[in-house]
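Below is one structure, written out as structure tokens, with a few remarks after it.
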Amino acid sequence: MQNMGIEVLFKGINSLRLWQGLWVTIRIALISMVFSIILGFLLGMVMNIPNKIIKFICRIYLEIVRIMPQLVLLFLVYFGAAKHLGMNLSGETAAVIVFTFWGTAEMGDLVRSALISIPKHQYDSGYGLGLNKWQVYLYIILPQTIRRLLPSAVNLLTRMIKTTSLVALIGVVEVLKVGKQIIDASRYTNPTAALWVYGAVFFMYFIICFPFSRLSRVLEKKFAD
Amino acid sequence: MDFEFIREQTPLYIEAAKLTLHMAVIGVLLAIVVGLVCSMIKYFRIPVLRQIVECYIELSRNTPLLIQLFFLYFGLPKIGIVLSSEQCAITGLTFLGGSYMAEAFRSGLDNVPPIQVESALSLGMSKSQVFTNIILPQAVSNSIPAFCANAIFLIKETSVFSAVALADLMFVTKDLIGIYYKTDEALFMLVIAYLIILLPISLICSFVERRVRYAEYGD
Amino acid sequence: MGQPILEVEHLKKSYVNNVPILDDVSFSLQKGEVVVIVGPSGCGKSTFLRCINRLEEIDTGVLKLNGVSYEKEKKNISKVREKIGMVFQSYDLFPNMTILNNLLLAPMKVQKRNKEEVKKEAEQLLDRVGLLDKKDNYPRQLSGGQKQRVAIVRAMLMHPEIMLLDEITAALDPEMVREVLQVVLELAKTGMTMLIVTHEMEFARSVADRVIFMDKGNIVEENTPEQFFDNPETDRAKQFLNSFHYETVKK
Amino acid sequence: ADDGGNTAQARTLDEIKKDGKIKIGVFSDKNPFGYVDENGDVQGYDIYFGKRLAKDLLGSEDDAEFTYVEAASRVEYLQSAKVDVILANFTVTDDRAEKVDFALPYMKVALGVVSPDDALIKDVKDLEGKKLIVVKGTTAETYFTDNYPDIELVKFDEYQEAYDALLDGRGDAFSTDNTEVLAWAQQNEGFSVGIESLGDIDTIAPAVQKGNTDLLNAINDEIKSLADEQFFHKDFEETLKPVYGDNINPDDLVVEGGVVDSEEKAEDADAAATEDSDAASDDTKDAETTEEPEETEAADAE
Amino acid sequence: MGQPILEVEHLKKSYVNNVPILDDVSFSLQKGEVVVIVGPSGCGKSTFLRCINRLEEIDTGVLKLNGVSYEKEKKNISKVREKIGMVFQSYDLFPNMTILNNLLLAPMKVQKRNKEEVKKEAEQLLDRVGLLDKKDNYPRQLSGGQKQRVAIVRAMLMHPEIMLLDEITAALDPEMVREVLQVVLELAKTGMTMLIVTHEMEFARSVADRVIFMDKGNIVEENTPEQFFDNPETDRAKQFLNSFHYETVKK
């Protein structure tokens, strides 16, 4: 009975399951991030349109995201869409939608400020050379924006990874949920399982997030000028 | 929606909101203190301490608060340290927030132009005078936007406190859903409660940010 | 004199509250002519150049290039801009591209010219301004003066009929000023039509065929460089030129 | 039907049959009722039944598609038609019966209280002014909230957390289904179950969306027909016994054919509970007598 | 001539890899003297001033203020810096304080002077540079020229024995250059000892008692302003001064 406890991690396919759970976590975060970046760019451009109504709507959207707990959004999308809109989304889809909703707002705001931080004369010299609006955006503004955004985008990604533990509530089995399953399955045989499993999960989050936040820091330095 | 139910449960939410806010305020304040101390250690490049601070920042920023709490609450007793729920929650929030605040303040410090320090020095001010009169105030106001964003982030992070049996807003909500299955009502009240707490804070923050920016940098 | 290459008639421009920044400015430029605009800060020089290039919409007035008015042109404004090269005060190279790509972008995308051909021309021009070895560098690796020389080459590559230069040396160290203005002088020698805003009076005097002095949104004096610098007609111009001289301190 | 437009229409039995898969909501971290073993396979008392249900309705055990639910979202899963049936250790209560339709019970259970030997809680009265640990969304929580509002509850999401909390002295006692605490106390020296049976006997039953009558009937029929082979005793042997050991009499726990022979136990329960537990006992009666009226009501709705 | 107020002997300074930025520079400044340093960009002018003020540590050499060497001073270096005022190219006012507080900070904190007395003096000086009405504004509300005038006043208020000015007008528009240099000219008239780095040759000529021409970390020529500007002795100086002149384009 009084064994080391750590072997809970190596029983059966437990460690593989944890990694699979982590992959679910990362997958949700990555897919959401891709959508967030695309939509965030559009949103950022829209937010810079000098129109009071558009500004107001965007502001409301940002405040909603800022204030609404992610859990509420998850419930709304997962159960709400089924009940009120008749859309039966899978847990992972719902999670991606919610994380995209959140990420788009954050990216949008970042893109907006990145866009205004690009000196006006960059636009001017583009136009001055005879490039049209789209060419200026495509060749000059967007590439510069992306460089500025990369660090904060990577940062957002790690925050998403860390927030995914909430999605267990809508039936998605991610790393933390797997951890709980393992702990519970060995509840009677291995009372210290919690310590080891949570320790492992802690470590797994760390080894995934750490390279990302390092990367973000490196990018930040690289693009400093 | 069952408004009778909402009315009945409101006192519960008020209690929970008070608790949430109470924990958040203490946590955020302590986080600021930790953040200041850590960023100073980094700024002045104090050996050994600096490496410890770096490790702490990486650990805290790259792991979820929930897991950090599990560790404090369920892990520490295994080596004989039993912290109460409140102590764990505040320690956890401070542990997490401290690193965020430290980063915010560090970039605030980094963004004080060297010329500011030099011109203060050339006015005959001593190093400590330069730090307290020039670097510190400018760094603080540089980092106010980040402080605000962090404060809101930390308040929202309190929602994982329910994991250590603290009856915060999220706890009450999940509990009501679990007991009465009034999902819509419980979530509705949760949103309202967060709205009442966060909206004013959000507004105060943008006001402060604008004030600071006005006094500081134009154009 | 013949048909002027550029004509500006009764140009009016205001930004906010109808406060006129340019107030009924008329002006014309002959082919091959180099005109220098001087005047106090904020008098509207930059605005004038930007209006000519339609980077700002004008309120009223007529703009003509080779006799064809283009002040209302919408769709084909890029066509006009192709013919009017412009270089700004700030180092306006695109930081995300190498020097060579900065040069190739517009000729390839706007004029759809053949890459190899443009590249050859670009390298020749870079060589002429002494920067061929920098062609694969990024703008941040160049000094201010080098960047401005590249910016001039970039405008040149579009084969413009006119070049507008707006205080292209204002942000440079004196010795860099020299190397950039040298390039402009060479350009003038080749017969390029140019409209130049500058605060370098020595340079203005040597490069200009004609000097225009602006103040408060108006052309106050138009003169030959010799006349203008040695014997300005208007009091305002005298006062302006005076601000470049200092009396010796008597102790 | 009651919830009107707020509810996504659940699949009828025919639709399920046509699809060939039945979606069953189960726990994945509530050993030994529904949990995932070290090979990643879902196991437990509820699962055992779920597989059988799928086999009898659709032809194969593999036709059961298990969705992992959380205690707090079990009703939501039915209301939004994310699953066809919930088999997640779902105790029948009044509040829940308003939201979902319960089928016949397949288990019964009462509450137990475990505490350290050196401060053993033998009576509910001893709990006053003390801290009692409960797991959120369990009947223990409801019971103490309704009947003993003065006892301070310390609530956790998971059993494991609750036990750890008890071990770490974060509460004076822990209450949940008596089977649970008895089994645990056996394995942890220094702890004993001071109150073995508290409150009423609750029943645990499958649940379907309100108004999904044909599915409800099918499940009821299934439960009745399983009585002959004493299916749930076999289920107990397979899934619960390895955990609970020999000390627990399967008859105290298992319900066959949906019939609760509660007489002997109900008296115990009444004796233990105080007077204001009326609401809770109504509950049990409801559940016992459910089969007939429930069916007619549903038929009316059809 | 008497005892020089400032003496620099065999000053050597390098930043990286021992590449000398200042290579054995010796120099002295008499009380009341105004010396202007000119020279190409990167020749070490700023480094020279920064070394004098000990903002950079020197490699070897001696620095003396009123005959007392201070190049090794550690604890009392602020005492030395009090006596050597410095104004930089960038607008270096403290953005978090009003103009008045910018001025009061050092006299009150460093010299522990009475607030009322300093305030009175500050207001007098502000009035002299025409900025009394801005005293409660923040730096961001001032133009570049106004900021630099405040920066000069701030240094003045410490009653320094020497003022070091490093290209204080390099980032300014021409008309602002005028207003700032006017203040420096007035200062020179009051007999303030000054060491000035500038690229404004006209100004240099009028304000200087002596001109020093630096190149590549060395003092190449030291001369009276008249001699230096009209008849420089060294070739390098000739070449440097030439870069401020342009030959007229011959077409």
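Some notes on this structure:
For clarity, chains are labelled A, B, C, D and E in written order, and residue numbers in each chain start from 1.
Quick note on the criterion: a residue touches a chain if its C-beta (ideal position, glycine included) is under 8 Å from a C-beta of that chain, and two chains touch if they have at least 3 such contacts.
These numbers come from a predicted model, not from an experiment.
Steps from chain A to chain E, minimised over paths through touching chains, total 2. Listed by label, the chains touching chain A and chain D alike are B.
Looking at contact counts per chain pair, the maximum sits at A-D. Look at the CA centroids: the one farthest from the centroid of chain B belongs to C. The centroid of the Cα atoms in chain C and the matching centroid in chain E are 34 Å apart. Once the centre of each chain is set as its mean CA position, chain B and chain C turn out to be 53 Å apart.
Centre-to-centre separation between chain D and chain E, using Cα means, comes to 85 Å.
If each chain is reduced to the centroid of its CA atoms, chain A and chain C end up 47 Å from each other.
Residues of chain A in contact with two or more other chains: 75, 79, 194.
Across the assembly, chain D contributes residues 72-73, 76, 161, 164, 167 that each touch 2 or more other chains.
Contact annotation for chain pairs lists A-B, A-C, A-D, B-D, B-E, C-E, with touch applied as defined. Residues of chain A touching chain C in their complex: 119, 121-122, 124-132, 135, 139-140, 143-144, 147, 225.
Across the complex, chain B meets chain A through its residues 58-59, 61-68, 70-71, 74-75, 78, 152, 156, 159, 170, 183, 187, 190-191, 194-195, 198-199, 202. Interface residues of chain A, counted against chain B in their complex, comprise 63, 66-69, 71-72, 75-76, 79, 158, 162-163, 165, 176, 192, 194-195, 198-199, 201-202, 205-206, 209-210, 213. Chain E meets chain B in the complex at residues 50, 53, 55, 78-79, 81-82, 84-86, 88, 90, 92, 94-96, 105-106, 109-111, 138, 140-141, 151, 154-155, 158.
Listing the residues of chain B that touch chain E in their complex gives 113, 115-116, 118-126, 129, 133-134, 137-138, 141, 215-219.
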